[in-house]
Structures are given as C-alpha cells and as structure tokens.
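Each of the next two complexes has chain A plus one more chain, namely chain B in the first and chain C in the second.
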Partner chain A sequence: MFKYIIKRILIMIPMLLVVTFIVFSLISMSDVDPGRSKLGPEASQELVDELNHKYGMDQPFLIRYFKWVWGAIRLDFGDSWYYDHPVSVDIAARFPNTIKLTLLSIGIALIIGIPLGVLAAVKQYSWADRVFTTLSMLMAAIPTFCIATIGVLIFCWKLHWVPATGVVNGWKSWILPSLTLGISYSASFLRFTRSSVLDTIRQDYIRTVRSKGVRERTVIWGHSFRNSLLPLITITGMMLGGLLGGAVIMESVFVIPGLGTLVMNSINQYDMPMTMAAITMLAAMYMLIMLVVDILYAVVDPRIRARYTSFKKKKAPAKAEGGAA
Partner chain B sequence: MKVKRRSSFLEAWIRLRKNKLAIVCLAVVCLLILIAVFADLITPYENAIANNSAAKFAKPSAEHWFGCDNLGRDMFARVIHGSRVSLLLGFGATAVATVAASLLGSAAAFIGGKFDTVVMRLADILSSIPPILLSLAIAAGFGRGLPQLVISIAIGSLPGYVRIVRSTVLGISGQEYIEAARSMGFGTGKIIVSEILPNALSTILVQATMMVSANILSGTMLSFLGLGVPVPRPEWGAIMSDGLDYIRYASHLVIFPTIFIAITALSINILGDGLRDAFDPRLKGKA
Partner chain C sequence: MSEKLLEINGLRIEYTSENGPAKAVNGITFSLDRGQSMGLVGETGAGKTTTALSILRLLPKYTAKVTGGEIRFDGRDVMSVSEAEMRAIRGGRAAMIFQDPMTSLDPVITVRDQIAEVLLLHREDLDRANVDAEVGRILEMVGIPAARMHEYPHQFSGGMKQRVMIAIAIACNPELLIADEPTTALDVTIQAQVLSMMRRLKRELHSALLLITHDLGVVASICDIIGIMYAGEIVEFGTLEDIFDPEKKHHPYTVGLFGSIPNLTMDAERLSPIPGLMPDPTDLPAGCSFGPRCPHYDPARCGSTDPVGSAGTPTEIPIARKGQHQIRCVLYADADL
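And now, the complex of A and B:
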C-alpha cells in the first residue's frame, strides 16, 4: 500500500507537466502582446520591447515553457506581470480559501445527500422518496449562480442573517457559499446513493442477513450501505472537478478571494506566471484528493486492499485504474 | 444482425411509450427545438436586440409578454432567440463530445495495451483541470465565439464520457460475436464501427441525453463568468446573469429565463431516465 501511494505521487509529476504544458500552450496561442497590454497603446515600442524581453517573450515558446518548469521545480513561480510582486504571495493568500470552500461544500453535500439518498431508497415510492427525488432533479436543473444569488437575496438582504460577500466576517461568511454549493451538489449525491443502495438492497446476501434476524438498521447501514459505498466514492472523486468549477462560480458570486477567481482575472489580464501557478495548484490539489479517494477504496473494499498488499509479490497485478474501473 | 438491432430499438421505443412522463418530456424537448428553429417566425430578431429606453424594466404586459430588460429590450424575444444559442451549445457540444468519446473510448477498450493507457491517462489529466478553467484557457487562446464555446464545453465533458464508453465497450468486446467478427477477418476499425458501436449505442444515447442538459448548464455558467457568446446576442445564461443585477426590483428579468432553463434541463433529464429504463428494464425505478 505504501509503495502504491509513493508510485501514485510520482505519477503526478508527469501528469502535472502535461497539464501545465496544455495550459501554457493554450494561453500562448493568444495574440495579445503582454508588454503592450501592460504599458498601454501610448508607450514607445522600445519600452514595450524591453518589457517583453524582461518577460522572456522574445524567446521561442518551448524555451519559455522549460524556463517556467525549471522555476516551478524550485518552487519559484516568478513575479506577476500585472502586480509586479511574486505570485506566491497571492497563491498563499488565496489557496486556503479555495480549499476551505471546496472541503466544506463537499462535506455538506455528503452529509445531506447520503442519508436522504439511503432514506429514499429504503422507502422507495413513498412520499419522502418522491419529494427528495423531485427536489434533487429540480436543483440539478437550475444553474448554481442563480440559486446562490437568490440565496443572497433572501438570507442577506431580506433576513440579514449572514453577510453577502467576502471572507472578513469569520465563519459566518462561509455559511452561504458552502451551503449553496453543498446543497446543489447534494442533489447528485442523493440520486447516486439512492440508485446504488437500491442496487444492493435486492441482493441475496441482504435477504440472508435479514433472515438471520439482524436489526433493520444494521441491515441498511452495516450491509447494504457498506456495499454501495464503492460506487459512491468513485462518484465523489469524479464530481470533484465539477465542484472545483462550482467553487469558481461561488467565489465570483460571493466575492471570495480564491484560486478560481485568480485564474479568471489573471487570464483576462494576460498574467502568465499567475495563471500558470494558480492552475498548477488547482490541478495538484485535484490529483491529491483523487489519490485520497483511491486510498479510501482500499479502506472500504477488502478485495482491493488484498490486491495492493499482494503488490510486492507479483509484478504490478493491479494498476491504479484497475481499482477505479 | 440488422433485424435484431432494429427490434431492440423498437422494443425500447414501445417501453418508452408506456412511460407517460418521459413522453411528455420528449414532446417538451421537441417543442423547444422547434421554438429555436423557428424563432424568427415567432418574433423577429430585431426585438431581441433593439434598445427602447421608453420600455426600460417594463413589467410583463400584453405588449411585452415577459416584460423588458434594463435596456428596454423585449424579454420574450430575448428568451425565444436565446434558446437558439443555448440549445445549440447543449446539443452541439454533446454531438462533438459523443463522436470523440465513442471513437476514443471504444478504441481504447478494444485495442487496449499502450493506447488504452495513454488515452486513460490523458483523460485523467484533462479531468484534473476544472472544466470551467479549461474553457477559460481555450477562450484565452482561441478567442471568444460560438464554435470555441462548443469545443471547450465538449472538451470539458470528454474525460468522464470516455471512461463510460470504455467500460461499456470492455464488457462488449468479450462477447462471442466480436470473436466471430474477428474470425471472419474483419479489421479493428471495421469491428469498432460495425459491431461494437451499434451495441454500445444504447448506453451512449442515454449518456448523451443526460449530457445535453449538463452542457446547457455549463454554457450558462460560462456566460455568467463573462465567457459566453459576444453581446448583444441573447443566450439564456447571459440573459439570466444580466437580470440578476436587477433581481431586487425587476425579478421578471430572472424568472423567465430560469423557467426556460429549468424546464429544458428537467425534461431532458427525465427523458434520459426514461430512455435508460426503456433500454434496460431491469434498472427501472432505480435512478
């Protein structure tokens, strides 16, 4: 297992290289002249050229990319082209906000979605089931930014319960953004939990457990739910990308200084070092959480755990996607 | 082969017809498509973009069914014409993603080995960039416009799609009829196109249906972030996010586009559920 984790962390390096290369080349394809766009149309051509030389824009694309990689390896992401200070300052200030928002939202989504999903499955076709499934379908049909704005309208402007924007009000300012994002994603968790619990609840072993006279609660949570955890973990991992994207929306609705809005602004300002650093951090964060998801697999499913422990004896019997598929 | 394939789709259609809700949703989706196609006949495009300072924030009335926005543009015309871009984004991006995912996913599963590893790793890598940020980067590189939007939404939805097609095809390629086709001397390309894809079609169709609504919603999010189609062309997400600025005193600017988005996404999703049940009756009532 330990060896597997090390291997997965090592795989992240080439993956990050490809991610950064894709983003670097996409942004480089733009025909914006960074020196000109910073100094404005009135600046003399010499000054623009000088600045472009400072940015390394007079060098070929591949050289610029490798220079960036060389800096990134030493954790030196360079100076922002827009603000003229090291990008690490902004990244360090904004990264915790994005992490907080993402983890809070995913926690809320799981806490709401899973119990309601199990309830809907156990009481299939009851009124509770109908209400929850209908509500979850409705939530999935309305864009999150609209739900968020309506939330601001009701809870901030009408009721004055929570602040509408920013992060300066301590824990209170996190309530609305994380609840909005969490609730809108809990809809999908509810649907997946429901269908995967329904899948297991009709299996023979559940009937066997029931016929042994085990308490209904143990049947549901200890046997049925435990077996439907695996697809649920997969879904959690797969939804993370979307959730990080949703965090971008929440950051811009609630004016939270996070990585998502940083990427947005710096792409619009053609701030290459800032964009690259922020996207690299986001991608690395996503990959790390995916790794945790894969480790959770092994914790939940003894069959997979067995495969990883036999890893040392046999030569590579189970690859990463062998467990995920 | 041909007879059997037709009958399985026919059977699914017969089962789908019994699902009243799904049929209603199918009708709604068709109606929306018709609205988008014949938008010009319903109300001229001029109304959707012409400013009219006298009618600023007009409430819904007989003259302006959905009222007017902050520039006095007729909301009914904007929503009707907005359906064109929104549906085009939804269906167009899905079409692009479906073709790419079917080919890549089935080739990865069927050829296997190195090719499979490369494709799946690329999918992993793509999915590690949040789709919205990927679209941002694409917009930065290629500029803003409808084709770029379609491509960027399609790329964002590709990784998950490829995984689903791959796992479906992995199940199919172990079947005897694939072995039979191979023993008849069919090449890999021919087997994928004429044997594997038709048999994976029901999964792909269900997945594609669900994806249309997801892509429409992605389109609205991109518009909200200011990455949508250039103004003044109406698009549901753009109409909505413009309206959100005035929600406190002109809620009709938000309500009507939201209703249209919600009805579209909801009926497409219910139709997708119905299709899945129809293709695989064992799953009925589960999702």
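And now, the complex of A and C:
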C-alpha cells in the first residue's frame, strides 16, 4: 500500500507536466501582446518591447515553458503581469477561501444527502421516499445560481439574518454560500446513496445478515451502507474536484475571493503567471483528491486492498508458518 | 417444550407479479420433530425456498405475502410473534444455510466478525473478550483453520465459503437448521465433503434439519423423512423407506423424478425426463397441478388442466394415507398404499 501511494505521487509529476504544458500552449497561442495590452496603445514601442523582454515574451515558446517549469519546481511562480507582485501572494490569500467553501459545502451535502438517501432506500415507495426523491430532482433541475440568488433575496435582504456577500464577516459570511452549495449538492448525494443502498439491500448477504437475527438498524448501517460506500466515495471525490475549480458562479454571486474567480480574471487580464499558478494548484489538488479516493477504496473494500498488497501477501503466509514452527 | 419442533399447516404464499398473484406455496402441511431431518425435494420453482424463508419470516417484504395457514416453531405462531422475538429465533434457535456461498457472505467484513456477530447476539456466555476463541472453535468444527478467521470471504474458495456459512448457522447450536440447497453451487467432490460434514454436525448438535434440495441422492444420505414438492404442494410424503422403495406405490411425479436419475443396473438407452414444464404459478390448473404432465391423467377424476380462472372451481385432489406415507393423487385410496 505504501509503495502504491509513493508510486501514485510520483505519477503526478508527469501528469502535472502534461497539464501545465497544455495550458501554457493554449495561453501562448493567443496573439495578445502582453506588453502592449498592459501599457496601452499610446505607449512607445521601446517601452512595450522592454516590458515584453522582462516577461520573457521575446524568447521561443519552449524556452519560456521550461523556464516556467524550472521556477515552478522551486515554487517560484513569478510575478503577476497585472498586479506586479508575486502571484503566490494572491494564491495564498484565495486558496483558503476555496478550500473552506468546498469542504463546508461537501460536508453539508454529505450530512443532508446520506441519511436522507438511506432513509429513502429503506422506506422505498413510502411517502418519505417520494418526497425526498422529488425534492432532489427539483434541486438538481434548478441551477445553483438561482438557488443562491433566491437565498440572498430571502435571508439577506428580507430577513437580514446573514450578510449577502464577502468574507469579512467571519463565520457568518460562510453560512449562505456553503448552505446553498451544500443543499444543491446534497440532492445528488441523496440520489446516489438511495440507488446504491437499494442495490446492496437486495444482495444475498443482507438476507444472511437478517437470518442471523441482527437488528434492522445494524443490517442497514453496518452491512448495506458499508457496502454502498464505494460508489459514494467516488462521487464525493469527483464533486470535491469539481467544486474546487468550478465554484466560480458561487464565488461571483457571493463575492468570495476564491481560486475560481482568480483563474477567470487572470485569463481575462492575460495574466499568464497567475493563470498558470492557479491552474497548477487546482490540478495538483484534484490529483491529490483522486489519490485519497483510491486510498479510501482500499480502506473500505478488502478486495481492492488485496490487489495493492498482493505482492507482499505471497510472502506473509510463509513467514507465519516459519514462526509457528 | 413440545416434541414437535416445527409445524406447518396449510401454508399458502403468494408473490405479486405483473401477471397477477403468483401462487408459490399452495397449502402445504408437514411437521418436524426435534432432532429429525426432513428433505424437501422438487424442481426449481416448486416453492421450496419460499417455504424455508417463510419459517424465519425472511420473505421479501413488499413482494411476498402469506395468504393462509400457520407456521409453529416450538408451539409458537411465527406469524404473530414480535419482530424482537423473531430476531431472537433467527440465528439463535433456528438458523439457515443459503444456496449460493459466493454471494451470501458480506464481502467487506472478516469471517471472524461475521461469525462473532451471531455469537454476540445470541450467546450470553460470550463477550468481546472470549468470542475469538469460540469463533476459532466453530471454524475448526467445519474444517477451517482458526488462524484464517481474520481473512475476508474473497480469500476463501467456494467450498470454504459454504463451510463459513455453515459455521455461522451452527454457531449458536440451533434447534432447527434450514439448509437451502447447501451443495448445489459446489462441485461434486466438495459436495461430498460438505454433506458428510453436515451429517456429522447434525449428529453432534442434535439439531433438527430441514434440507431443501432437488437432488434425491443428497436426501437419501441424510434425511429421515421426505416431502416431494410440486407447484407449491407436497404431492408425496413419507419416510426414507417409503419414498425410496420401488415396490411401494408412488405419486406419478415421484416416479418421474426417479426416472430422471441414471441407474447403473437398468438397461436403459437414455434417461426419461418428465415431459413438459411446471405450470405457471400465476395460472395454476383447476385440477391436479401435475395433470398436464401426468401419464395417468384422466380429466374426469383429475379435473381440468385449464387455469382456475377459465375452468371455474378447483378440483380437490384426495390424499391417500398409510402410516406416515401420504400421496396426493386420485390413483390411490388409503387401502392401496
């Protein structure tokens, strides 16, 4: 298992190289003149050339890319072309916000979605099941920004319970954004949990567990849900990854300075160092999440664990026998 | 404590299906004494497993319904006991071995935990500290080294998994052991091992056994009494001697069943399978349900082969009895047996 984790972390290096190369090429393909666009049409050509030289834009594409990689290896992502200060300052300021919003919303989504999903599965065809599945369809059908706007209208402007925007009001500012995202994502969790539990609850081994005289609560949570965890971990990982980079809309609606808006603005401002740094950050996070997902698979399912440790296992019995003798 | 451990009287079970109610069990009656073993034999779809599941009240909640009759376990009506009392019976006083060991064990939980779960529920003498030793002892009883208790089901072969299933079932010394085709999913050499082990365990534990199978050879090697099931009815019932004696009278279906088994001493060119198929349980014939396949079929006495719906009232088929031997067929009167 340990070996596998090391291997997976090492594989991240070429993967990141590929991702950054693609993004770097895409940005470079644009025919924007960064020096000209920063200094404006009135600036003299000498000044523009000087700035482009400073940005390294007078060098060939591959050399610029390798210079960027060399910097990135030393965690030096360069200065922002737009703000003229190190991009790490902005990344460091915004990254915690993104992480906070993502974890809070996924946490809320799990807390709401999983118990209701299990309940809907256990009481299949009951009124509760019908209400929950209909509601979750509704939530999935309404775009998140609609829910967000309605939320702002009701809870900020009418009731004045929470601040509408920004992150300056401490924990209060996180309530509405994370609840909005969390509730909207909980709909997916509810449906995934429901179908996953419905699938396991019909398995032969659940009948075996019942035949042992186990109480229903243990049948559901200790056996059926336990076996439903695998697909749930998968989609939790995917949603985490999606939220990290894709909460742009939420960040805009609630004016949260996060990585999503940073990427968007830096692309619009043709701020190459900023874009590269932010996207590299997101890609690395996504890969780490996927690694955690794969490790969790092994924790939850012994059959997957066996695949990772099969090499070691061949030796173990021989050792045990030796010890016994 | 009554002598009769299990009594089933006129049990009827229906499943809901798209084509109307499927009558899986149609008024079966039998009883099982303590320590006795009974074989329930029949083709796939005869209602054997449904009967077995109903004894532990494990029928699927939404699709199956007991529509008549009663089940008594040690004198108590299984249908009317509370869920908590039922849980105390399940796994404790009555345990079940399922057909397919490949899918019947929880894949993500160790064998030790699966056996310990039933032990901790029903055995008051055990707590978390000494349960490991008992799990080991039970595993050794079914021929699995105790050292393997911390392994997962996927690390065991099919035969070993069935041994684990049996270990779970016998863990609390049940008074009644229900085995639903315990050897069907196993290959022949493993079948023999598992069977001889079950014979030994039954002797050691003094449990009553309800063995469900379609294999007459399995029944002959382990059972005292036998019920032959067809389309949800017991068409013939008797002791091992009654059923396996070719000199005695038998239901045409029993004769057909034996005709589909190869016999070394008989000079037959080929096996003689019973022609036709089991009737559709949503559309049972008004007369004898074996009528459509029976070589002795007589419309005047056996009733119509048309479904009850189109042929009116069902014809009652008489049961001929002598001692324990019973045959549900118009060919015989009590005196003929």
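Just so we're on the same page, the second predicted complex is superposed on the first by the 307 of 325 C-alpha atoms of A that agree within 3 Å, B and C clash if a C-alpha of one lies under 4 Å from a C-alpha of the other, contacts with A are read in each partner's own complex, and residues count from 1 in each chain.
The definition used in the following text is that a contact is a pair of C-beta atoms (placed from the backbone, for glycine too) under 8 Å apart; a residue touches a chain by one contact, two chains touch by 3 or more.
Treat the numbers as computed from the prediction; the structure is a model and nothing was measured.
Overlay on chain A: chain B and chain C fit together in the combined arrangement.
Looking at the shared chain after the overlay, A:M29 reaches chain B, while chain C stays out of its contact range. After overlaying the two complexes on the shared chain, residue contacts for A:T144 are found with chain B alone; chain C is out of touch. In the superposed model, A:G213 makes contact with chain C only, not with chain B.
More residues of chain A lie in touch with B than with the remaining chain of the pair chain B and chain C.
When the shared chain is aligned, no partner comes close enough to touch A:K100: not chain B, not chain C.
Of the two partner chains, chain B is the only one touched by A:M238; chain C is not. With chain A as the common frame, chain A serves as the apex of an angle whose CA-centre rays point to chain B and chain C; its value is 80 degrees, to a multiple of 10. Of the two partner chains placed around the shared chain by superposition, chain B is the only one that A:D199 touches, whereas chain C remains out of contact.
Here's the short version: in the overlay, chain B gets within 13 Å of chain C at its closest Cα pair. Residues 124-125 of chain A are contacted both by chain B in one complex and by chain C in the other. Taken together, the chain A residues at the contact with chain C in this complex read 124-125, 203-205, 207-216, 223, 226-227, 300-303, 306, 320. Against chain A, in their complex, chain B makes its touches with residues 120-122, 124-125, 127-133, 136-143, 160, 167, 170, 213, 217, 220-221, 224-225, 237, 240-241, 244, 247-248, 254, 258, 261-266, 269-270, 285-287. Here chain C touches chain A in the complex through residues 56, 58, 62, 83, 86-92, 95-96, 98, 100, 103-110, 117-118, 121-122, 147, 152, 154-155, 165, 168, going by the rule given at the top. Residues 15, 18-19, 22-23, 25-30, 124-125, 137-138, 140-146, 149-150, 153, 157, 191, 194-195, 198-199, 238, 241-242, 244-245, 247-249, 252, 260, 263-264, 267, 270, 275, 279, 282-283, 286-287, 290, 321, 325 of chain A are the ones touching chain B in the complex.
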